[in-house]
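Chain naming follows the written order as A, B and C, and within any one chain the residues start at number 1.
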Amino acid sequence: MRAGDRGRGRGDREMRIINISYDGANGVPVIREPASALKNNTGTWRVFRPTIDSDRCVRCGKCWVFCPEGAIHVSDADIWIDYDHCKGCGICVNGCRFITAQREV
Amino acid sequence: MKDSYLKKLTDIPMEDYLVGGHVACQGCSASLGLRLALKVLGKDTVVINGSGCMTLLPVYPTTPLRVPWIHLAIENTGAAGTALYYALRRKNIKANILGYAGDGATYDIGLQSLSGAAEKNIDMIYICYNNQSFGNTGHQRASSTPRASSTSTTPGGKVEVEKDMPAIMAAHRIPYVATACPSYPVDFLNKVKRAAEVKGMAYIDLLVPCPVGWGFDPSEGIDIGRLAVRTGIWKLYEIVDGRVNLTYIPKKRRGVSEYLRAQGRFSHLSEEDIGAIQEEVDEAWEGLEARGYEYEIMV
Amino acid sequence: MNTRRMITGNGAAAWGARLARAEIIPNFPITPQTAIIEEIASWIASGEMDADFLPMESEHSVQSALAAASSAGTRVFSATSSQGLMLMTEMMFVTSGLRLPVIMVNVSRGLSAPITLWSDHNDVLVQRDSGWLQIFCSNNQEVLDSVVMGYKIAEDSEVLLPMMINLDGFTLSATREPVEIPSQDEIDDFLPAYNPTHTILDPKYPMSMGGAVFDEYMYFRSQQRMAMCNSKDVITDVCAEWEKMTGRGWACGLVEPYCLEDSERALLICGSESATLKYTVDKLRADGEKVGMLRLRTMRPFPCEGITDALSDVEKIGVIDQDISPGSGGIIATEVKACLGRSVTSFIAGLGGRRIGVEKYEKIFGRLGQDVEEWIF
């Protein structure tokens, strides 16, 4: 779709849009890039920072399941928190002895 | 139970189709509910959203979704699902159609449209994420708000009993109705699986404790949901062919005060009020026990 | 092969949707529109039309279904009227805001209360600012033609806006007229299948539609304005193409001048009433009076250039409004005044189907130029 700043028809006279345009936008309010919200750092919301004691962690999966942000990642070998997207709600801390919270500095 | 059903937490698929970086509140159970549901529905899913908290997941120009998502308005998730079912069929696109709308958009303003889709038995999964109020506008009274709960428009506590939405949906004779809570993810996700398997409309009423509206710490959402179930206030059940079947029976029910006292919205209740609620809950469960936790609700 | 049949305006609307191969038809009955969806239902039942017929639970749901099905890339059609159109209002803005080329026929009918079944244009004009293209038809042939052309205009990549095609309740909707029905082959050549890329709901290309915006809001709204500007040329081009094919160009789309070359007095009008007014113009001209008429075919986009060109040499101009804005007067008159920047007499007539007729038009021409701004007949 064509995006422009001039109305056709009677050329320039009818209407002109000044200074309202967005890179890559094509006039249709649709978001085409899946999971693009990962670009947003919602980790800045966090007041309390959860830390997993990965040595004692038994990989039960509870923290991973209940994280509303999907910010906890598990593999057979490892478990880690994506601090760019953890909002610090504390659900994981509340649900596990091996996760502790410290106030962010 | 079929092999494809989940038995434990670690059976839940790893893939996420709802990722972080969105603006849902800290500790939001509604976004958790969607994240979990999409895990079992998978990538071939189209989500229709009714206006509410979850409408703010995609905020231009970024989206946390990996599946198609459309939001039109608050009261038309059922109508949009109906149209989408036929449109996708015409386009030869095989996908689950997931309606994900709040309780205000389901019990109240969207009831007509949802009823229309249910009457047509449209092959879609409709999950009502139920925070028992108009949550996104700041916790106002809805027909889903339980009696006694205070809201910003019923400061003294709601007088009326909430609508029995699952029964209303069952009365449409749709093949599957269930209640669930993200605090019981295996139970919830098996219900989502079942909802996806049935041909026709499936309705799941998902209790999502809301830290902001209900007045508790964001870290307690899962615990509050668990208490709602363990005290017997929120019952987990399925309705298939008019037959109600409880999927979780608390072995020893906890006292309701434990659930009520944990939330700001019930802080105005006296011990007497709580006693009365306890009596009601006890009476309901005695009835259920007498019927073997399984009974017909329709003829 | 083309055929010529005696059909109603409602029948012509249904034929338009059938020839355009509309695939999804959400609907809700309302007088005087119902015959359109009944006709389509019978064609689908008999296999003459390949479409899904979706009986919805309200007009709000109809418009929601139109938007959802169009988002998924199918060609959609529906029809409504009056109160039904009012109930759709919320969704009208959603459909245009998501840039969905929905085609919907409105069979105009006055608004309640007091409730009426008969035609006027207030229902359409309530939706004036909804971002829909609005076409007023003067006869049944134009209804059929406009529906088919509508898809080509609305689906043009420089437009991508929904279009409402208006026909007057009863005077057109229930009246039979000879209508030329083009052959399906001809229409298939004229109108390619709808395969959009700007909106799809396909897991292969996951898009999020209808999300929230912040500062971008004004950008998207201004782009709708832009698309409306673009649509003027598109309408003219499509009408020219249609004229080549069928011999009917509807005056190149936006306005239809009638006997304006040497007119001293002229009336601007829209819809089916223009037929009676043409007759009156002929009658007065036979008596030597220099009168003329301008029919407004598109209310949105508003054809200010066309109106200016057609009326610049006319001394006294009046506008017939079959609508009323109680706090201001005739709605179209207000717009024409703003466009021409000169004095225009407003005549409000024909509300709720009240008969206008030749005698009244003669009186209106007689009152043109008297020192009164607004007449209610």
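One rule holds in what follows: contacts are C-beta pairs under 8 Å (C-beta built on N, C-alpha and C of every residue); 3 or more make two chains touch, one makes a residue touch a chain.
As the structure is a prediction and not an experimental result, all values here were calculated from the model.
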What's the contact topology between the chains, one of line, ring, star, complete, other? complete
Which pair, B-C or A-B, has more C-beta contacts? B-C
Roughly how many whole angstrom separate the Cα centroids of chain B and chain C? 43
Mean-CA-position distance for chain B and chain A (Å): 24
Multi-partner residues in chain B (2 or more other chains touched) are 57-61, 63, 65-67
Mind pulling the residue numbers of chain A that touch at least two other chains? 22, 25, 29, 31, 34
Counting only residues that touch at least two other chains, what does the list for chain C look like? 205-211, 213, 216
Chain C residues within the chain B interface of the complex: 23-24, 26, 52, 54, 56-58, 60-62, 64-69, 71-74, 90-91, 94, 200-203, 205-214, 216
Interfacial residue positions of chain A with respect to chain B in the complex: 22, 24-25, 29, 31, 33-42, 45, 59-62, 65-71, 74, 82, 84-91, 93-95
Chain C-touching residues of chain A, taken from the complex the two chains share: 1-10, 14-15, 17, 20-22, 25-32, 34
Can you tell me which positions in chain B touch chain C when the two form their complex? 43-46, 48-49, 55-61, 63, 65-73, 75-76, 78-84, 86-91, 93, 95, 112-113, 115-116, 119
Taking the touch rule as given, give the residues of chain B at its contact with chain A in the complex, in rising order. 9-10, 12, 14, 16, 18-24, 26-29, 31-32, 35-36, 57-67, 182, 185, 217-223
